[in-house]
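Before anything else, here is the set of structures, which you'll find just below.
What follows is subunit A paired twice: with subunit B in the first complex and subunit C in the second.
This part shows the complex of A and B:
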C-alpha cells in the first residue's frame, strides 16, 4: 500500500462525522448565553427610545436610583472610552448621548439585584426629548433638504460597477425587460435571544460570555468603548442558538462590559424577544430597478440595475451589503455589458445589518424573475435561457474577474434539469382550483469578505500525551464549523476526529479567525487550520525520521504513529515524538494562516477581484396555488449546490434544508414592519407544516485553493429558494409578483390578474 | 406574599416558596438551575420552553409556578437520567442530523415525547401537527420529523420485545 492510498483510506473528508457537542444539546447540559451567570450576578436592562428621531435634552435618573435594589443607572456620560462602535463604520453609540435615531435606541442602563427591580428602575428614568423630523424612506432621506440623521449626512455608501458599453447594447437588443422589485425588512428570528454574563477575573480582565458570531471583533469594540487595551477584555462564546448575521453586532456585549467595568461586579443581561425584535439588526429592504437586454437567441447582452437600500439608523454591516448586492446583481450569468449602481441611505428605521446572504437573496429575486421574463418574451424555456447564459470556466463576472476554476453552475443546472422537465410536464386543467407551478432559481455567491483582506489564523499543537489540540477563533453558531475544522486537521494528521481537542472562539486562548459570516469559515478558517496542521506534520515527520533513522519521504502517519512504508517494521508514536521534541526544546505548536486572494474594487468602475472563489446553486420549487383562498403550498424543493467539496455531507445538507426553510419564509410570509412587529405572533417564520420535502444534490467542482477543495454553503443555501418559489407562482398563475413577501393579498391580486388574462377560470 | 409549593421534577421532590407571578420556566431555570429548558419568547410562540406536566406537554413560560403544586414535571434533564444510555428520541436526532444550534432541541424532545406517550405509530402529518408549536430556525424541520418517526419505530420494537419476554 502506498502512503497516498493509506491517507486516502483514513480521510475523514466527505464523511458525516457526528457534530461535536450534540450530546449536551440533547441532554440540556450545553450552556447557552443565558445559562452561565451565577446567582449573585447583577441584572442589566436597557431603557430604549420610543421616539424614532429626537434630541435628548436631559436624563433625570434621581428617582430611578432611589429604587430599592437598584445599584446604578448608567448613561452615555459614564462611558469611559469612545462611545461609538460598529463593524465597518463606527457610527453607533452604545448609549445615545445627544440624540436617538430609531425606536429602540438605548439611552440608559439600569443595574439592579433582579430583573424586576432593573425594570422598575428603568420606568423611573425621565428623559426629556425634543422630537426631530423622522425619515423612513431611503429615497426621501437622500432628497435635498432632508434633515440629517448623522452629522456626515444620510448617505451610507455607493457602489458603481461598469463593464462594456451597456447603452449601445440596449440599442441593439432584440428584447428588453424592465421591472422594479421591492423586498422588505426581515428579522433573523434566531431562537436564542441575545444574552450574556461578565465578570472580572483574578488578573483584572473583564471576561464576557456571550452569544456571538464574532468574538475577536467584540473584544476590540468593547475595549475601545471602555478605553482599554484589547487584552484587558476577554470574550468567550457560549453555545449560540443561531445568529444568521445579527450576532455579528455588539448586542449585549458592550452593555455587559460597561456595567462590569464600572461596578466591578458580575453582571448578566438577557434580551426579551421583544427587545431582540426591536433593536437587533434586520435584513435590508431593497428596491431594485432592473433592466435586461437579450438577443433573439437568448443571450444576455446587457443589464442596467439601480439598487436603493435602507440601512436604518446605523451602519452595522450595511456597507458590505452595498457592494455585495451590486457585485451579485448579474446572478450566475455572463453579462458582457453592465451598469450597476447601489446606493444605501440612513433612515430612522431599525438598523439593517448582516443577514444570511448580505443582500444577495434580494438581488437574486430580481435577476431570477428577469430571466424568466426574458425566457417568456423570447419563447425559450426558463431552463434553456439559464443554460445559455450561465458562467463557465473562463467567463468574466461584472467586476471583470476571470473565473479560472470551480465554476459549478452549469453542473448544478444539468443536475436539476431532468427533475424540472418531469415536474413541468404535469399540466393544470382549466377548471382546477389548485394550480400547480414550477420555478427555477439560480445563484452565485462570493465566499468571504468583499475585496478586502479577511484572514484567519489557527494553531495546532501536539501534546506530550500524543493528543492534538486545535486552537481556532472561529465561532460555531450551530452550522457545524467546529466539526469541519476538526475533520480537516484530523485528516491531515492521520488520526481519528476523537483525537482532536478543539479550543475555539475564546479571545483569551485563540487568535482571530475573523467573523462567522460570508460563508467563510470552511474555506478561510479551514485553510488556516490546514496550514497549521501541515506545519505540525512536517515537524513530526522530521522528528520521526531522525528517531527511526529512516528516509523521511517513506514515512506516513496513522492513528497517532509514524510508520515506515519502506518495509522496515518500525514505528514511533506521537507521544514519543512529542517528548523528544519537548526535551530538546523544539516547538510543538504551529501557527496557520490564510487570507483569500482578493483585490479592492475600483471606486469608479467597480473592477477588481472581490472574492477568491464562488459557490453556485440551482434550485427548483414546485408549488400549488389555491385560487380561491390564495394559499400557496410549496410541494417540493430540489436543491443542487456546488460546494467544491462537501467535507461533512450531512452538515452541508443541514445547511441546505435550513436555508430552504429561511428562503421559503422570505418568499411567502416574513415581513418586519417597524412599529408593528413586536413578537413571534406578528412575525411568522416557517413551521413544521410549511416545509415540503427538500432533496439535496451536492455538486463538487473542487476549488484548488480550498481545504480539500471545499468552498462554503451557509448563505448559498437560502439564496435560490425565494426566486424559485416566486417563479413557480408566476408559472402557476401566468401573472407575476414583484414585491416580497408573496402574502395572501399579493397572491390574490396575481390570481385576479392571471384570471383576467384568461390563463384559468376563477369562477364556476 | 410567597406561596408554598411542593412538586416533583424529574422524580425529585422540591418544596419552594415562590412569588405568585413567577413562571415555571423561571423557577426551573433560576431556582433549580435546570437550564436545559430554554426561554425563546416568553409568550407561548416558540415551544423552546416545553416541559411535561403530569405527562402532558405545556409551555413552561406560560405556566405559573404556583399552579404546579402537587404535580410532577419532567424536563429535558430527565429524558435520559443515567446519562449513559440515550433516549431513542435523542439517538434518532443524532442519526438524522436534526440538531444544529440546539436551542430548540429540548423543546422538540419534550413535544416529541408527549406525542410518543400517546401513540407509537404517528403518521408524518400527526408528527407535524403535534410539533406545530415548536419553532426551529436552523434545520428546516424535516430531519426532526424523520427522527421522531425513527424513535417511534424503535420504541415500538422495544415495547414488543418487552412483551415477548
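This part shows the complex of A and C:
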C-alpha cells in the first residue's frame, strides 16, 4: 500500500461526521447566552428612543436612581472610552449622546437587582428631546437640502464598476430590457434573541459571554468603548442559536462590558423578541434599476445597473453590502460591457447590516428576473439563455477578474436541466384554478470579505498524551464550522475526529479567525487550520524519522502512530514523539495562517480581484398558484450547489435546506415594516407546512486554493431560491412581480394583469 | 418580563368558580387554556387582581353527541379534542376543520373552544362554522343559567353578550337536518400559525335541487363574526346553480365590512369573501347531496 492510498482511506473529508456538540442541543443541556449567568448577576436593560430623529436636551435620572433595587443608571457621559463603534465605519454610539437616529436607539441603561426593577427604573428616566425632521427614504436622504443624520452627511458609500463600452453595446443590441426591482427590510429572526453575561476574572480582565459571530471584533470594539487595551477584555462565544449576520454587530456586548467595568460586578442582559426586532440590524431594502442588452443569439451584451440602498441609522456592515451588491449585479454570467453604480444612504429607519448574502439575494432577484425577460423576448428557453451566458473557465467578471479554476455554474445548470425539462413538460391539471409554474434561479457568490485582507489563524498542538488540540477563533453559529475544522485537521494528521479537542471562539485562548460571515470559515479558517496541521505533521514526521531511524519520506501517520511503509515493522506513537520533543524543548504547537488572494477595487472603475474564489448554484422551484385566492404553494425545490468539495455533505445539505426556507420567506412573506412590525406575530417566516421537499445536488468543482478543494455554501444556499420562485410565479401567471415579497395581494395583481396571457383562462 | 402579582384560584366545581367570580367581579379574569389570556397579561393589556382557572372543573370539558338532539361541547373542551372527536368528524366536519386549521399543535393542545368564542376576536376561528350550524351557548351565573344564540353572542371586538358574573359552560349544536352539508374555508398569509385574513362557514339544506335552508357566516371581515343575511336570502328557495352560487358569493362580499390591516387590504378581503363563500357553499352542497 502506498502512503497516498492509506491516507485516502483514512480521510474524513466527504464524510458526514456528526456535528460536535449536537448531543447537548438535542438533550437541552447546551448552554446558550442566557444560560451562563450566575444567580447574583445584576440585570442590564436599555432605554430606547421612541423617536426616529431627535436632539437629546437632557436626561433626568434622579427618580430612576431612587427606585429600590436599582444600582445604577448609565448614559453616554459614563462611557470611559470612545463612544462609537462599528465593524467598518465607527459611527454608532453605544448610548446616544447628542441625538437619537432611529426608533430603538439606546439612550440609557438601568442596572438593577432584577429584570423587573431594571424595567421599572427605565420607566422613571425622563428624557427631553427636541424632535428633528426625519427621513425614511434613501433618495430623499441624498436630495440637496435634506437634514443631516450624521455630521459627515447622509451618504454611506458608493461603488462604481465600469467595464467595456456599455453605451455602444446598448446601441447595437437586438433586445433591451429595463425594469426596476424593489425589496424590503427583513428581520433575521434567529431562534435565540441576543443575550450575554460579563464579570471580572481574578486577573482583572472583563470576561464577556455572548451569542456572537465575531468574538475578536467584539473584543476590539468593547475595549475601545471602555478605553482599555484589547487584552483586558475577553470574549467567549456561547452556543449560538443562529446569527445570519445580525450577531456580527455588538448587540449586548458593549452594554455588558460598560456595566461590568463601571460597577465591578457580574451583569447579565437578555433581549426580548420584541427588543431584538426593534434594535438589531435588518436586511437592506434595495431599489435596483436594471437594464440589460442582448444579441439575437441570446448573448448578454451589456448591463447598466443602478442600486439605491437604505442603510438606516448607522453603517454596521452597510459598506460591505454597497460593494458586494455591485460586484454581483451581473449574476453568474459573462457580461462584456458593464456599468454599475451602487449608492447607499443613511435614513432614520432601523439599522440595516449584514444578513446572509450581503445584498446578493436582492440583486439576484433582479438579474434572474432580467434573464427570464430576455429569454422571453428572444424566444429561447430560460435554461438555454443561462447556458449561453454562464461563466466558464477563462471568463472575466464585472471587475475584470479572470476565473481560472472552480467555475461550477455550467455544471450546476446541467445538473438541474433534466429536472427542469421534466417539470416543464408536466401538463397543467384540468383544475384550471390552480396554475403550475417552474422557475430557475442562478447565482455566484464571492467567498470572504470584499477586496480586503481577511485572514484567519489557527494553532494545532500535540499534547504529551498524544492528543491533539485545535485552537481556532472561528465562531460556530450552528452552521457546522467546528466540525469541518476538526475533519480537516484529523484528516491531515491521520487520526479520528474524536482525537481532536477543539478550543474555539474564545479571545482568551485563541487568535482571530475573522468573522463567521461571507461564507468564509470553511475556506479561510479551514485553510488556516490545515496550514497549522501541516506544520505539526512535518514536526512529528521529523521527530519520528530520528526515533525510527527511518527514511522520512517513507513514513506515514495512522491512528496516532507514525509507521514506516518501507516494510520495516516499526512504529512510534504520537505520545512517544510528544514526550521526546517536550524533553528536548522542541515546539509542538504550530501556527497556521491563511489570507485569500484579493486586491482592492479601483475606486473609479471597480476593477480588481475582490475574492479569491466563488461559489455557484442553480436552483429550480416548482410552484402552484391558486388564481382565485393568490395563494402560492411551492411544490418542490431542486438545488445544485458548487461547493468545491463537500467536506461534510450533511452539513452542506443542512445549509441548503435552511437557505431554501429563508429564500422562500424572502420570496413570499417576509417583510419588516419599520414602526409596525413588532414580533413574530406580525412577521411571518415560513413554517414546516410552507416548506416543500428540497432536493440537493452537490456539485464539486475543486478549488485549488481551498482546503481539500472546498469553498463555501452558507449564504449561496439562500440566494437562488427567491429568484427561482418568482420566475416560477411569472411562468404560471404570464405576468411578473417586481417587488418582494410576492404576498397575496401582489400575486393577485399579477393574476389580473397576466389574465390574458395565462396558460388557462380565468373562468370566474 | 414577569407578570404583576395576582391571586390564583383553581376551583373544582362550577359553583365554586361562580362564587369566586361574584366575589371578585371586574377585577377577575377567567382562564381556560390561557392562549389568549396569557398573551394579553404578558403585554400588559390585561392586569387582573385574580385569575380563576377552569381546567379542573371536569363538567366543562366533555363532548357529547345525541343523534336526535345534537352535539354538546363543553366550553373547556380543548381544540385538539374537538378536531379528533369521532362524532364531530362524522357529523360536523366543518367544526372539526375550523379547530384543526387554526394556530398550531401546542396552542390547540391548550386552547379551548369556549376560550376562542369568549375572547371574541373578529377572526375567532370557531365562530363561523358554529354560527352557520345554528349553535347556542349556555352561560351560567350563581342566579341562573341562560342560553344565547351565537348570532346574538358577539357584541364587538373582545365583547360578548355574557355578563361579568357568568361563565360559559357549553356550546350546543343541533343535529344537522337531513340533506344538509356544511363547510369551513379560510385564507391567511401563511400556511400555518396565522390568524385568518378571511374565513367563511356555510350550511345548506337541499331538497330536490332547491336550496331550502342556507346560513352563511363570515369571520375577520367585520368587528364581529357576522351572518351574510342578504346572500342567504338570495339563495333561499332557489334552484341550485353555478350562476346563483356566484351571485350569492358576490352579495356576501358586498355585505362584508372588512378593514385594511397588516394581514390584508379591504379590497383583497372583499374579494376573498366571495371566493371563500363560493368554496364553502360548493363544499357544503357536495356534502348535502351525498347524504
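In the analysis below, the second predicted complex is superposed on the first by the 754 of 764 C-alpha atoms of A that agree within 3 Å, B and C clash if a C-alpha of one lies under 4 Å from a C-alpha of the other, contacts with A are read in each partner's own complex, and residues count from 1 in each chain.
In the analysis below, a residue touches a chain if its C-beta (ideal position, glycine included) is under 8 Å from a C-beta of that chain, and two chains touch if they have at least 3 such contacts.
As the structure is a prediction and not an experimental result, all values here were calculated from the model.
Peer 1: Looking at A:653 after the superposition, I want to know if it touches subunit B, subunit C, both of them or none. Which is it: first, second, both, neither?
Peer 2: first
Peer 1: In the superposed model, does subunit B or subunit C contact more residues of subunit A?
Peer 2: When the residues of subunit A touched by each partner are counted, B comes out ahead.
Peer 1: I'd like to know which partner A:174 touches here: subunit B for first, subunit C for second, both or neither.
Peer 2: In the superposition, A:174 contacts neither subunit B nor subunit C.
Peer 1: Tell me the contact category for A:689 with respect to subunit B and subunit C: first, second, both or neither.
Peer 2: both
Peer 1: Per the contact definition in the header, classify A:384: touching subunit B only (first), subunit C only (second), both, or neither.
Peer 2: neither
Peer 1: Quick one: classify A:575 as touching subunit B (first), subunit C (second), both or neither.
Peer 2: It touches nothing on subunit B or subunit C.
Peer 1: Is A:272 touching the first partner subunit B, the second partner subunit C, both, or neither of them?
Peer 2: both
Peer 1: Based on the superposed arrangement, let me know which partner A:602 touches: subunit B (first), subunit C (second), both, or neither?
Peer 2: The answer is neither, since A:602 touches no partner chain.
Peer 1: With both complexes overlaid on chain A, does A:137 touch subunit B (first), subunit C (second), both or neither?
Peer 2: Neither partner.
Peer 1: Same subunit A residues contacting subunit B and subunit C, which ones?
Peer 2: After superposing on chain A, subunit A residues 272, 686-689 contact both subunit B and subunit C.
Peer 1: In the complex of these two chains, what residues of subunit B are touching subunit A?
Peer 2: 29-30, 34-43, 45-46, 48, 75-77, 79-80, 83, 86, 90, 93-94, 97, 99-106, 109, 127-129, 131-132, 134-145
Peer 1: Considering only the defined contacts, which subunit C positions touch subunit A in the complex?
Peer 2: Contacts found on subunit C: 1-2, 104, 187, 189-194, 197, 246, 262, 264-265, 268, 271-272, 275.
Peer 1: So in the complex, which bits of subunit A are touching subunit C?
Peer 2: So the residues of subunit A touching subunit C come out as 115-116, 119, 272, 628-629, 631, 669, 673, 676, 682, 684, 686-690, 743-745, 748, 764.
Peer 1: Subunit B touches which residues of subunit A in the complex?
Peer 2: 16, 18-19, 21-22, 24-32, 34-35, 39, 188-193, 239-242, 244, 272-273, 477-480, 650-651, 653-654, 657-662, 679-681, 685-689, 691, 693-694
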